[in-house]
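This is the structure, below, for whatever I ask next.
Chain lettering (A, B and C) follows the sequence in which the chains are written, and residue indices restart at 1 in each chain.
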Amino acid sequence: MLYREAGQFKTTYGADQQIFPILQDRIFVLAVIAAALLVVPLFASQYLYTEILIPFLILSLAAIGLNILVGYCGQVSLGTGGFMAVGAYAAYNLWLRVPEANNLIVVFLFGGLMSAAVGILFGIPSLRIKGFYLAVATLASQFFLDWLFARVKWLTNYTPSGSVAVGDTSAFGWKIDTPMERYLFILAFVVVATVVAKNLVRGHIGRSWMAIRDMDIAAEIIGFRPLRTKLTAFAVSSFFIGIAGAMWAFLRLGAWEPLAFDINRSFQILFMVIIGGLGSLLGSFLGAAFIVLTPIVLNQLPGWFGVKMSTALLSHLEFMVFGAMIVFFLIVEPHGLARLWAIAKEKLRLWPFPH
Amino acid sequence: MTVRSRVFDETLLAVEGISLSFGGVKALTDISFDIRKGEIRAIIGPNGAGKSSMLNCINGFYHPQQGAITYKGVRRSQMRPHEAAEQGIARTFQNIALFKGMSTLDNIMTGRNLRMKTGLFWQALHFGPAQREEIEHRRAVERIIDFLEIQHIRKVPVGRLPYGLQKRVELGRALAAQPELLLLDEPMAGMNIEEKQDMCRFVLDVNDEFGTTICLIEHDMGVVMDISDRVVVLDYGKKIGDGVPDEIKRNQAVIDAYLGVSH
Amino acid sequence: MLGPFLETLIGGLLTGVLYSLVALGFVLIFKASGVFNFAQGAMVLFAALTIARLAGAIDNKEVFLGQFVAAAAVLGVALALVGWYVWREYMARGGGGDERRKVLLLSLLGAVAGGAAAYAYGKGAWPMWLAIAATAAIMGLLAYAIERLVLRHLVNQEGIILFMATLGIAYFLDGFGQTLWGSDIYKINLGLPKDPIFLFEGVFPGGLLVDPGDLVAAVIAAVLVIVLALFFQKTRIGRALRAVADDHAAAQSVGIPLNMIWLVVWTVSGLVALAAGLIWGAKLGVQFSISLIALKALPVLILGGFTSVPGAIVGGLIIGAGEKLSEVFLAPILVKQFDLAGGGIENWFAYMLALVFLLFRPQGLFGERIIERV
């Protein structure tokens, strides 16, 4: 009864093209954002911030970026970790070398832009290489970038171990230091980025991506330029991923080495996108939540039953459970959590009178 | 319906001596014909005669080894498909080539892509020029939706639509580009009588109301003879007939190759 | 200059044969089912771990579980095969009834008995041939489990979904193998000669240094590659495989059992993984990083084409040689020019090589030219 669209008539095309055409959806989303902004800081512990909320938000952003490329434009990429690294190290070098730019917003945007540039470069082969060939080709970027940040000393400011650290982070004079401040800053960034992503995918550019995804030959015949469209997707995708990488480095890790962005990171983000739902921004959030929470729950589980396990065994079991869950999920719902959500909503619309 | 006799003078597109082969297989051999502005031109022929290959050459998807195509007075031999689209050539496909993951509305909106110019920045904000542009083109697309009588499936993903409706949406996408030359590859294949009648009506209306030149491939001889102004007949990649429907019906080579067999 | 060059080249080619072997596992599965099997590397690791632990000296108790499983697998599979044969004969003579269930029961009993025997036998290393046989049986069971639990439920899904599923399998196997066998570094001793040999001492001063272990491994790998290529071309199952690869539905319609074919293919690539695991394990020791050599095989795939057996072979040789040559001759120049913290370019050089190559020939070395249609 509560969730009905009946009686909400759209009288202009503008009104029909809103992000959430149904009033209840709008209220719900605003309520979630308000709660995240106002209620969470009232009770959240340090652990909740640093181990759950901050990783969740940052990885959601990366997942949105990857979803644009894989879910909307249909170009499978296994190089996400590499692009996150580009964002992180570009941001680091700007922060390090240009003291005037010690403003997290500027630094992060720079990281995103550099990542977008690299993304365009590695996206060029996509004109000629398709499908899994492209997926493997994107691994080239992953390994090359891994190597680049491990070996080119200038990029890591000649630190002997290759590990770099940042301190003193602020934005427009607001010193971002405590977990709560970090959380709020990231939240704001992610909300804005999500709105931007939504605007892109629902407009002309998003349609061009989806056209290439669904049938690239037909798309070219009706006038889309394949290379330009794919490169736009690579650029926008890597932009988001680059920002996420810079955030991960600056606000989650503080000190890091290239290993933080290795191929396992790429897989992790890809899992989020697939489990959450290809071609769904909501799915990116759901997938990120799932991937962040699962290992935490798995680690707690034996304790709840009073079983003691060695850390090594626990990590092996984690691998097993994780792999099994991914397979299970793909079998049960290959379109991801977002589809389950949509089905639930559909049910709710009819509730309590299903006929 | 009677056979229409209309006269067209201005040549819109001329195909001159086109030959196309894949490896050793000759798909087209020395084909020449023209399409005049405002007419409905049909290409017929048995399966494998090279009809679809001919359309693919016209809109630049295949590049013939020999010959040239003159479109609006400009002669060209190589052209990318999107360049053809930019010059006002739109088409539908034999095996429906809709974007399956998108709604009817979005599919037809993609037909407007060449006219949508706002850049990444405004798109990202979805504000100002981007929003104005979106609404303006939405209006144009809604007119096409009304014209094709598919209002009720506006927001349905096309993958879920029945075949006949998909064909209609595909026509809508081609129309959204407001083409000068519309290529239709078997627009009525696999349809029942009613659907065929609807589709015929749409094709004739498009031709009458918008003055769009149409070149279509079709197997249903009744339809072809009724709605087309002139017909080209291909067989084994060669042209064996060209003329108004009445001439084609009397052409012995055509009857032997095609009409005489089963129709 | 020529001497060191040739030496590097030979070393590279010998490694390349091993890459071919891993790539071949990929190609077999991709050809027969269109699945891009990311778990191939995990299968290599799993096989290597199993052999190493069964054949190695066993001194701690956690291994016991693994030994039990291995023995159960050998006896179970053996009895199931015999039972299956008997059942088929029985059916052929017009028998009836629910004999299949009896066969299953028999093999299960055999498995339990085998496990119990291993338990009673206690600690101690198995002979290498038994370890290999046990691992082969386990790889067969694994293929069966994968077909039964995963692939069967994902028929007609898109390629990307299947690919993701194999990523899940890879994660699972990595964890499973280490849970079962532990995660230390183990040795596999095949008794390969260790002392380097020198070739063409008359032609080059000092001769060309070649590791005999590499040489033997390369020969084994080459023989396997040839056997598999023949299997694909000449046998009835090979023909069925090629038919399935061309068109699933069409193959099914002429009576080729799809599930059976998948089982065969996954078993064969499990055996290929076993061979690769054996050789790599003997060469480098068995450790987690073995599962990463699958990543080395990927550039081989894009170079050779996903569906081409000769492509996997030639691609492996090119990548192996290119990688070593670049590391020895190109890396020092780069390090000097750009003041790098070490070379290590072999991690990406193969990928770049393959990528650049693809730009000019998108279908790979031996792939068929793609004619696009609408």
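The criterion applied here is as follows: a contact is a pair of C-beta atoms (placed from the backbone, for glycine too) under 8 Å apart; a residue touches a chain by one contact, two chains touch by 3 or more.
Only a predicted model underlies this, so the values are computations on that prediction, with no experimental measurement involved.
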item: Relative to chain B, chain with the most remote C-alpha centre; value: C
item: Most central chain, judged by mean C-alpha position against the global CA mean; value: A
item: Distance from chain C to chain A - Cα centre to Cα centre, in angstrom; value: 34
item: Centre-to-centre distance between chain C and chain B (centres being mean Cα positions), rounded to whole Å; value: 50
item: Computed distance of Cα centres, chain B from chain A, in Å; value: 41
item: Interface hub residues of chain C, defined as touching at least two other chains; value: 372, 374
item: Multi-chain contact sites of chain B, meaning residues that touch two or more partners; value: 61, 93, 97
item: Numbers and ranges of chain A residues touching at least 2 other chains; value: 217-218, 221
item: Interfacial residue positions of chain B with respect to chain A in the complex; value: 59, 61, 80-82, 84-86, 90-91, 93, 97-102, 106, 109-111, 113-114, 116, 118, 120, 123-126, 130-131, 133-135, 138-139, 142, 173-174, 177
item: Chain B-touching residues of chain A, taken from the complex the two chains share; value: 12-14, 17, 196, 199-200, 202-205, 207-208, 210-211, 213-215, 217-225, 232, 236, 279
item: Residues of chain A that touch chain C when the two form their complex; value: 70, 76, 125, 128-133, 135-137, 139-140, 143-144, 146-147, 150-154, 162, 217-218, 221, 263, 267, 270-271, 274, 278, 312-313, 315-327, 330-331, 334
item: Residues on chain C engaged by chain A in the complex (per definition of touch); value: 36, 149-150, 153-154, 157-161, 163-165, 167-176, 178-179, 183, 295, 298-299, 301-302, 306, 338-345, 347-348, 351-352, 354-355, 358-359, 362, 364, 372, 374
